[in-house]
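In structure tokens below, several structures.
You will see chain A twice below: alongside chain B first, and alongside chain C after that.
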Partner chain A sequence: MRPWIAAILYAVLGAITFVVCFPLLWAISTSLKPKDEIFRWPPTIWPENVTFDAYRELLFGGSVASAPGAGVPPSAYFLTWFGNSIIVSIGSTIISITVATLAAYSLTRFRFWGQRSVPYIAILGYMVPSVIFVFPMFLTMVSLELTDTLFSLILGYVCITLPFCLWLMWAFFRGVPIEIEEAALVDGATRLQVFRQIVLPVALPGIIAASIFSLIVSWNDYLFGRVFMNSMENLPLTVGVMHFFDGTHVDWALMMASSVLMTLPMAILFGFMQRHLVAGFGAGAVKG
Partner chain B sequence: MRFRLSDRQVGVLFMLPLILAVGIFLVWPIAEAVRLSFVRYNPLRPDDQPFVGLDNYLFVLEDPLFWESFWQAIVWTGWSTVLQAVIGVGLALLLHQPLKGMNAFRGLLLFPYIVPTVVIALNWRWLFNSEIGIVNHLLLSVGLIDEKIAWLSTPSMAMASAIMLNVWKYTPFVVIVVLARLQTIPTELYDAAKVDGAGVLRRFRDITLPQLAEVLAVVIVFRTIWTFNKFEEIYLLTRGGPGTSTYNLALYAFDQSIANLRMGVGAAAGVIMLVLLLAGSMLYIRVSGFGREDKAA
Partner chain C sequence: MTDLVVQGLSKSFGSNQVLKALDLTVPSRQFVTLLGPSGCGKTTLLRMIAGLEKATAGEIRFGDRRVDMLPPGERNIAMVFQSYALYPTMDVARNIGYGLEVRGTPKPERTEKIGAVAKVLEIAHLLLRKPKQLSGGQRQRVALGRAMARRPDIFLMDEPLSNLDAKLRATMRGELRRFHLDLGTTTVYVTHDQLEAMTMSDLVVVMNEGVVQQIGTPEEVYGKPANLFVAGFIGTPPMNLIPAKVVDGVVTVAGAPLPVPLPPGAPAELILGVRPQDVTMAAPGDAGAVPGKVWMVELIGSERLIEVEIAPKLRVTAEVRASHRAAMDDLVAIRPDPAHIHLFDPATGLAIRA
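Let's turn to the complex of A and B:
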């Protein structure tokens, strides 16, 4: 490639990358501004006086336990919501991945009636929007008296994560050669031993990829949390931070600081998983 | 004594959780949604659910807001999908160039996909704030506009902002899929074309595009279906407003169920969405050849 072409490509890529990253850079800049500077016109691109007040308020603004009852600002719940989101994301991911891994293995190694319809079911579940699932699931939770519990949210997220976990694990196991397993079986190993000692280690990259997708989808969901949960202390992060809009004036620094903190875990996961992400997308397993 | 399972039992045992889960998390909610669409549901008397036949469907189909939402959903889906496909292919071609440090660019350009919708919606509200938002400031200072645009409180601009949000977040999806396909096009094709004297544009038109056609068709069907049914992107940005100018069917169904407490009507709207979606997925199966023995994956 000629140097001047490369130079143009770099310039174009740089410009596009800047535009794409701008909303988040702007969020970081805003989150570090003191209140009077936020409302200045024209806006300052980078804060003249950097302050971490917004982050301090979210992370050390006093916990709910120390000041219970009404009058607690929503920001005091931030860490509780953060914890809730972690619990429900991990909980639903464990369920979806376990179910999907076992079934995908069975689907690719055994023959049985109805087998061929399973991928169709997965792809259907994959396309059905949450807004169709959420109300029937909600009414079921009401009759089971499970609403407003983290457990109900975990079950709700299985609805949206299971189909693509199954899809991804299925695609993955199809690509794993069966010969090693057969050799082990011939040598007298039981099916369960083969699964634990040979299949699971080989399947690990697929499991990691599917888990990351599942974590992202559950962490990012808003609808289920909005419909299922009531109490402030039980909300997931996504639903919680929307309460920052409830006051008479909007505290944009607080809003942007919570945006940054909320994106952070996903950004860290993303850093680890970039390789897997592409592999997973390649297999067509992604929810959008 | 050690408990030993036969091969066949293991196969069945491993399938059981899935069968159970599909029953609980897929079949049951959809069946319930269909059932709800035929009853009147009163949240104050949840046990009393009289069968009302097609009343809920008639209500939906006679509701002007439903049709408004439907047409707005088409505008929203059409623009979003076209922009995502065009920008996505362009970016993928760019990211496919053999340059140093390309992995860093790839990472940064794919990043929006993992950002929570709530975060993007909050950022958008801030960026497009009509009084002190940076977008108005930048447009004013470059001279593209003469006065501040009320992005989120004029109907067409609110729709445009929502579409921009959707394009920003989901173009990476197109990029990754197209990029993966680009990497499998044999380089010999390009070498041969070069020998024959084909320029960059000819090579793009005669090799790249035909090779991408299939995967692009699949991506476009997927994006169309998903975008059409999107809820959070619009709800969190505009709540369907100003007025009802950015409603789509998902917002309509949500609103009927939650704000108007007409679960039956909401469910009927949901079932109509589901029917449209099934039609769409038929298209997907056709386009992709999914389920054919040779390319079932």
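Let's turn to the complex of A and C:
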């Protein structure tokens, strides 16, 4: 590549990277500023006086358990919301992955009516914006008396993540040659042993890719949490942090510190699993 | 040591019947090849012996044991797949030992057996590698090792050499034969490559359209083909199959009489089969020869194939020494060797024997 083309390319890529990363950098910067510096004009890019007050308040500022009732500052709920988000994300991911893996395996390995159309119907379902079915689902939750429970959120997230997970695993299993399973059967393994010892290890990159997808979707969701939940102690993190905005005044330091803390688990997870994620999506894309 | 008996075995996929009431007996310790064109049902038969396909009708026995109702794992067979089908996440040692592992063989015994097999197959240095780190030939050996480790009653092999290059294939043919002689395990081998069938087998089962056409030693299926299909399928280049007539008790081809001994009761119209190797070139007008015109000449190394048109659209191939000169459109004659002529009934396709 000619040097000037490379220079332009790097400049463009650098600009895009800056645009993408700026909100996160701004959030980190704001979360470390004292309150008076946040509103200073012209703004400081990097805090002159670094303070961890916002983080301290969120993480060690007391819990709901120690000071229940009205008048509790929203920041006291932070760890509860964090825990709620972890529970619903992991819970919905476990259900989605288990169902998607078993369903995709049977869709690729056993012959039955509708075997070909199910994956396509599933992906079609995934393409429908979730805002369309959030209210029918809310009404269903009301009739099941499940509203304002973490379980209702888990079910909601399963509904939006399962179709894509199923599609991904289906594409993955189609690339796993059936001969290796037959070889194991001839070797004397039972169907369950074949699935556990042969198929699952081969499908692991696909499972990891689908899990990361499901975790990210449920971790980042706002809509379902906003519609299904109303008690402060049951909110997921995305909905909870909106309480730092009370209609007239926004606590930007807390808001930004929450955003940074909220990004961390997914960023760490993504960093560790990136290799598998690429392998998983690649396997779905190219057969064989 | 186990013999394999297949009785009245049928298999249909929907309305498509791929095996038709097939009978087959494979004597113990024999190396038997199922040979036939694509879609003849040979792989389906092998998979039914393995238990990977269910029979529509009929039964399969290993010795006195009826096995067609048993799952593959309970038949004590080992199978080598065309794609090798190695377990991609396991190393070579575990691939070889997996059959022992799921059968609960203790680890020390397993390790010993894996080591012994690896030594025989000369893959001991590969035991810790994953399948994707191996070459085609090495994968082939691991697949064989996996089959050998368990000491099965019967070996089943589904075109195991077809993914190798020509040179390696020739080497592995010899090795497979050697292993079979050493182990003495009854082996059923599927191939569409007649060279493999002829060089490796004790018995060849020629199949077409789900029906066994002939069972015999390689010499028998080559030298005494039972019907027109076997005659045309076995041998390279294929046998010349020429329409002939019996006129006053003499076999004539394109009007030329040939000194062919005629079995009693032969029909008036016949198909005369003669291999290109058993056809010599003669001068037009020679007795016992059929005149014609050279249509095509091909050099195939030490031999030359001369295609002679003896009647419109009726051509006979002769395989002669490369030193024999012939040019297109030369007027020549071909002389089939009367001792190597095969006669077939055009109505039934069956060989007519004295």
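In this text, the second predicted complex is superposed on the first by the 264 of 288 C-alpha atoms of A that agree within 3 Å, B and C clash if a C-alpha of one lies under 4 Å from a C-alpha of the other, contacts with A are read in each partner's own complex, and residues count from 1 in each chain.
Criterion: a contact is a pair of C-beta atoms (placed from the backbone, for glycine too) under 8 Å apart; a residue touches a chain by one contact, two chains touch by 3 or more.
As the structure is a prediction and not an experimental result, all values here were calculated from the model.
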Answer with clash or fit: chain B and chain C placed together on chain A by superposition. fit
Decide which partner touches more residues of chain A, taking chain B and chain C as the two options. B
Check whether A:L144 is in contact with chain B, with chain C, with both or with neither, and answer first, second, both or neither. neither
Would you check which partner chain A:P201 touches, where first means chain B only, second means chain C only, and both and neither mean what they say? second
State whether A:V50 touches chain B only (first), chain C only (second), both chains, or neither. neither
Is A:D187 touching anything from chain B or chain C once the two structures are fitted on A? First, second, both or neither. second
Tell me the contact category for A:E179 with respect to chain B and chain C: first, second, both or neither. second
For the superposed model, what is the least distance in angstrom between any CA atom of chain B and any CA atom of chain C? 9
Interface residues of chain A shared by chain B and chain C, listed 190
In the complex, chain A touches chain B at residues 1, 6, 9-10, 12-13, 16-17, 20-21, 23-24, 26-27, 30, 38-43, 95, 98-100, 102-103, 105-107, 109-110, 112, 116, 118-121, 123-125, 127-133, 135-137, 139-140, 142-143, 155, 158-159, 162-163, 166, 171, 174, 190-192, 195, 216, 219-223, 227, 237-238, 241-242, 252, 255-256, 259, 262-263, 266-267, 269-271, 274, 277-278, 281-284, 286, 288
Chain A touches which residues of chain B in the complex? 4-5, 7-8, 10-12, 14-15, 17-18, 21-22, 24-26, 28-30, 32-33, 36, 46, 91, 94-95, 97-99, 103, 105-120, 122-124, 126-127, 131-132, 134, 137, 141, 168, 170, 173, 176-177, 179-180, 222-223, 225-226, 229-232, 235-236, 250, 253-254, 257-258, 263, 266-267, 270-271, 273-274, 277-278, 280-281, 284, 290-291, 296-297
Over in the complex, which chain C residues touch chain A? Could you list them? 50-52, 71-74, 77-79, 81-83, 85-89, 98-99, 102-103, 146, 150
Which residues of chain A touch chain C in their complex? 177, 179-180, 182-190, 193, 198, 201-202, 204
